[in-house]
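To start, the structure under review is shown below, and the notes come after it.
Order of writing sets the labels: A, B, C and D. Residues in every chain begin at 1.
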Amino acid sequence: RRGNAADMPTLVNSIRSLSNPYHATWNAGGAAFAKSVGAEYVTLVTEGNSEKGIADIKAILAKTGGNCAINIDPNDAPDARPIVEACKEAGAYVVTQWNKPVDLHPWDYNPNYVAHISFSGVPYGKAMAEALFKSMGGKGGIVALGGIESNVPAIERKAGLEQALKENPGIQLLDFQVANWSDTEALEKTNAWLTQFGDKIGGIWAANDGMGLAAIEALRADGRAGKVPVTGIDGIKLAVEAIQKGEMAGTVAWDPFWQGGMGLAIAFDAKTGVFDPAKESKDHREFYGTGVVITGENAQAYYDTNIKSEPTLDWKDIWGRASGQIQYN
Amino acid sequence: MPMNSSLKRLNIDRLRHWLPLATLIILVTVVGVMEPVFLQPSTLLQLASDTAVLFILATGVTFVIMLGGIDLSLQSMASFSSVIVALTIAQLGYVSFGLAVGTGILAGFLSGIAHVKLKIPSFIATLAMGGVLFSAALVASKERSITLGDAERSYQTWVTGSHFGIPNVIIVGLIVLIVAHVLQAHTRFGRYSAAIGAGEPAAYASGVKVDRQKIFAYMLSAGFAALAGVILAGRLSSGSPTLAAEMLLPSIAAVVVGGTAITGGVGSIWRTLVGSLIISVVRIGMTFLSVNIFAQNIVFGSVLVLAVAVTIDRSKIPIVK
Amino acid sequence: MTAEIPTLSLVDVDKRFPGVHALKRVSINIMRGEVVGLIGENGAGKSTLMKILSGVYQPDAGEIRIAGQAATFDDAADANRKGIGMVFQEQSLLTNMTVGENIYLGNEAQFTRFGIVDWGRLYAAAERQLAKVQVDVDPRARADTLSFASRQMVELAKALTLEEHAGDHFVILLDEPTSVLERAEIDILFERVRALKSRASFIFVSHRLDEVLELADRIYVMKDGAVVADLNSSEADTTKLHHLMVGRSLQAEYYREPLQRPYRENVVLETENLSLGHAYKNVTFQLHAGEILGIAGVIGSGREELTRTLAGFAPHDSGLLRIDGQSVRLTTPAKAVDLGLGYVPRERRVEGLVLFLPVAANITLADLATFTRNGLINSREERRIAEGWVERLRIKTPTINTLCLNLSGGNQQKVVLAKWLQAKARILILDHPTRGLDVGAKEEVYDLARAVTSEGLAVILTSDTLEETIGLSHRLLVMRDGEITHRTDAAPGHKPSQIDLIGHMV
Amino acid sequence: MRIASWAPVIVLLLLCAIISVINPNFLSFGNMVRISQSAMIPLVLGIGATFIIIMGSIDLSVEGVLTLAAVVLSMLVLNGENANDYGLFAVAAVLIVGAGVGFINGLINVRLKVPSFMTTLGTWFIGVGIANALLGGMATRINDPWIRGLAIERFWGFPWGVWVALLCLLIALIIQNYTRLGRHVYALGGGEELAALSGISVARVRIAAFTIAGVFYAVGGILAAAQLGLGNAQIGNGRLFTTITAVVVGGTSLSGGQGSVLQTVVGVLIVVVLSNGMVLMGVPPSVQIGVQGLMIIAAVALSINRKLMKIIK
């Protein structure tokens, strides 16, 4: 019935949840791509529960008989292995993003494990730190909000921050706290810092936009919003707006719309035989995507092309943003 | 005449007994009719293996719930256990599993002591213990997930492999079911638990060593949670301080959906098994039936409430609180 | 008499519970200003009847009539509005609230303005209610700080609030109100009831037939869910009532005195200057195998705490307690049970039974170890044992899997006794063992007490009535203000008189 | 006996003393304001939960109602996504939404006889689900100056939100101590059968209590939205356990019948001061949650009256 190869494959995006703008935009990108090829589109959410995420993928594989292309942001790095193995067994094609174990490689699961896409957290975490330091005039104290501790991007972004600190001796890291990607926790932590360090806080670095925006709200309640620069990462709409208002010093846009759509496009093209993954070079199998650093200078332009209207992407240009093979150390 | 009515009563009791299972079968049938692939043996086996970890977690907490307590530390315990396995399996091999479960039992003992001797409500004692375990997992893992290599994974085939086409994890689940069922239905501990849950003062006055039974229940709960963590570590071939994240509420929900009273005294491991399967079927069923992703939480919540409305045995629960 | 319309009546009322036909086409009438006594064995259906009259249960068939008009009660509140108040058999004060709050619970509306309760007025009114029953408690005290007797009086005060809002005539249902009261308190209660007869009718349930004869104008006798007799008090006496209830005559030797065997030589339990805080001090006595040792005393005499000490709830803080010659301190009931003590508590439904477990599980609760093999309970053996006890003690229950909750008081008490006999307790502490039991069941308990002591069990007895204590005991201790004031022998033939003992009690 | 009921307060003071020795900034007025800001939402939520817990039930729908309230509010007041600007009417609507969810909780609990644990777990999922569906996963910025003012504008040095929380406290105290409903909630917790025998309509009291709790959670939602300046479906995350912990730490018993809204105030302060102090004392992030757990155990162990509590579940 469905397992028939002549059928159009089902397109599947699996993400953490639909309750944050980042993944909601990811989902929109997936839907846009699916529409462009006229395929059925399914969204799965893990709700932060690895077992659920994996079980859902297996359910889809069973339901479609493996006739699907999957683009997934695994809940936690370990989830990638069982998912890839299940896809291989069912004959589905899968692209992973952000999280996977370092020793799990697409080329070990030809052709089904098409590619892994990530964004090196280190340079962008560092870029944000530098943008922050710049708007502080190169000296002063900062505090930093981290993501979930075991999460790879959170670890990388923090590493980037640390590199930037090493290169900028004028900047002192007053404290680093983990706020688990949560607005509320970020707000509470910032509140406590305002007591502890008061005016010594010259800037706030946050590992994502949600936490950065929450820090701004804590500053606002203290009457200091706009006076203490804050940076985030992700490039969500509210962050770009905050940059335009001068309350935020910078963010990095991964373009989740691209992630959600292009990840599917790559898996879909492999599934439908447009290219043979086994024949692609490693820098198309495990590659860094390109992030856009947004600061006060380009915020308006970015807003106009990416946020005001739905971005139009060329889904044929699957390798357009591949910027080098992922390095593990 | 009295004979007759007591027969009737027995029948009603029997009927009540089967309501959770009937609910499960109805749910499976509904999904199966709308999407026949769901009823294929391979899909059902898959469903069963994907339920194993949830079931084991739920089984552990059933012991505590029977006593009228609660264990909120189980997801941190499971995650910590996966970290222990990941850190030690290279050196210790199979012993690492024992180490992890042993740590679980010890943690359960400590929560039990805190609850019983310091008289801290179990809600607080286990929530706090969960925090301690989470911190321990973060520190031990250096805040990262630890992936296991091929050599280490070879110790885990008892989780990942299969026998006669049946995934091992299902077999492990069945063993847990049998052990837990025997403990709960055929041992003094099980009987005392029910007595404590249904009427602690009378159990105490009858000479039951209440504290000891309670501590034992917390040890079982954390021990099973640790076992669940060991299995998760096998399934995901890694350990991580967040590996079992978001599994706490589904586990407790599984116990309650099976019809065990959250207030204690009434319940069984069978009910927990059925409850775990109901949770799985509803979740996976929604994926099979392509329920709109935005509607899924709404449907899930509603079905759970309705399921409990059907499954609980109100004749044995004095007051529904 | 026939022409008069009853204030309240039941016509052909039927009520079934799963497995039990509790009321079989019962019809009764209550006339204006009448006190109607209602007696019957445990499980005869008295409480069920009362609960139907007070709106707690709905009849399956038949009719309730108020002043000749058919009436239905949605719930207790509805019955209350229609002029029927009830004092429940089981303690029904909320222990986490104050006396005043309890008295007006559900009736606060009269003290409420714009949604705000005027506590001052409420407590003042509560104070007046308490004065009516002449009980001296602070309406602002929490109910759990009160003695059981005071709580019962508070409940009566609560029922009497009907006076304030019911019409010109109302009915108060008293379900075993006297079982926890001392004689002096019973007198106050009876006096109040008689004083209120001009405005109210009463139904009075009690297992103490003499009390019923004393207070009631007319008596209904129930048996197995049906009314079997309706007679004027003047035509009745205890022997006749007993016969009607139980179907056989009252034993001349109610306490089985001829069966009282001399106790044995060996001391199983002894105390030396046993003391506990302010509760009791310097208590010294010996308990022999086969002996029933009665302890008499009023509330506050220390006998309650002494029994709690022996049961393992309140360890003594000085003096000696020896069991079989071994000096022990009973820190938990578990320890007491291990040493062969069995406690039949006064609060049967709380400490005696796990109400939500089946009969069988309750009987075996204290003795699971003996039929556990390799860690597993032998359920067939368990069933056999439970069935054995049900038969031996004639416990009335549909099956051994019935929850204890659904048994009548007397049968519940038998389950408690079965539990300790099964656990082979060598010393039984009977704490008001016949509270709430019908005369038949009482006799059976006495029979049991005799039987087990002749087999060598030792019993410590505190009881509701002096008569019972005297009748049953081999020897008697009297306590006052925490000390033993009198010891006496009570062998058959020279039992002490009540007057003798009372002199040492107060 | 009286002393025992003050134990949580003593624990709180002790905690404050320890933290201020390590970091004297703790006692600054600025920090007091921040603690009050951190406490205002848990307080309002805790107040609602206290009613339910005294009744002997449990309410897990805290996050569901709060999230739904915050999201609905963000869509109805002046915001960055649509043209709505209903101001105070929006606030009223949100309170009605909270009351509605609470009412449904109560209704399911008493009519379908589903234990509150499961009922409210269900409505938790449903509430968050609806919030999510309404927003489609995005976040809506709130531009309404009144709402934002709750977090930003001050009166006597404290943000308006804190005053709103105190007003809620006052209302709760009145309901608890001076209305029939308040007393009947205790009666249900002390013994539901007995309460019914006294003529209390158990169903009505339960439904009313859940409804009131829902309103308080909705106020919590309004304050949360005001604080973060936006509504999104994650705004409630992690609030449930803090809320119940605070209630229990304050001394309200999970088995019902005992406790009060005032005790919850102390409980909330203990929990908030503890997490604020954790940062001030420089406890490393990865062990914070563990240390917090141990401190809460210590706090409860110190403040529990063991004599009174024979049975602890």
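One rule holds in what follows: a contact is a pair of C-beta atoms (placed from the backbone, for glycine too) under 8 Å apart; a residue touches a chain by one contact, two chains touch by 3 or more.
The model shown is predicted, which means the values in this text are computed figures rather than measured ones.
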Pair sharing more residue contacts (C-beta pairs) when C-D is set against A-B: A-B
From subunit C, the most remote chain by mean C-alpha position: A
Distance between chain centroids, defined by C-alpha means - subunit B, subunit C (Å): 43
Whole-Å gap separating subunit A and subunit B, where each centre is the average of the chain's CA atoms: 33
Geometric centre distance via CA averages, subunit D-subunit B, whole Å: 29
Touching two or more other chains - residues of subunit B: 138, 143, 201, 294, 296, 318
Multi-partner residues of subunit D (each touching 2 or more other chains): 128, 132, 136, 286
Shared-contact residues (touching 2 or more other chains) in subunit C: none
Chain-to-chain touches, reported pairwise for every pair that qualifies: A-B, A-D, B-C, B-D, C-D
Subunit C-touching residues of subunit D, taken from the complex the two chains share: 174, 178-180, 183-184, 186-187, 189-191, 194-201, 257-258
Contact set on subunit A toward subunit B in their complex: 2, 18, 42-45, 47-52, 54-56, 58-60, 62-63, 65, 75-79, 81-82, 101-104, 148-151, 155
Residue numbers on subunit B that touch subunit D, as the complex places them: 67-69, 72, 114-116, 118-125, 127-136, 138-139, 143, 200-201, 249, 253, 256-257, 261-264, 294-298, 300-302, 304-305, 308-309, 312, 314, 317-321
Residue numbers on subunit B that touch subunit C, as the complex places them: 1-2, 5-6, 8-10, 12-13, 182, 186-188, 191-192, 194-195, 198-199, 201-209, 265-266, 315-316, 318
Subunit D contact footprint on subunit C (complex, rising order): 56, 75-78, 80, 86, 88, 92-97, 101-102, 105-109, 112, 115-117, 119, 158
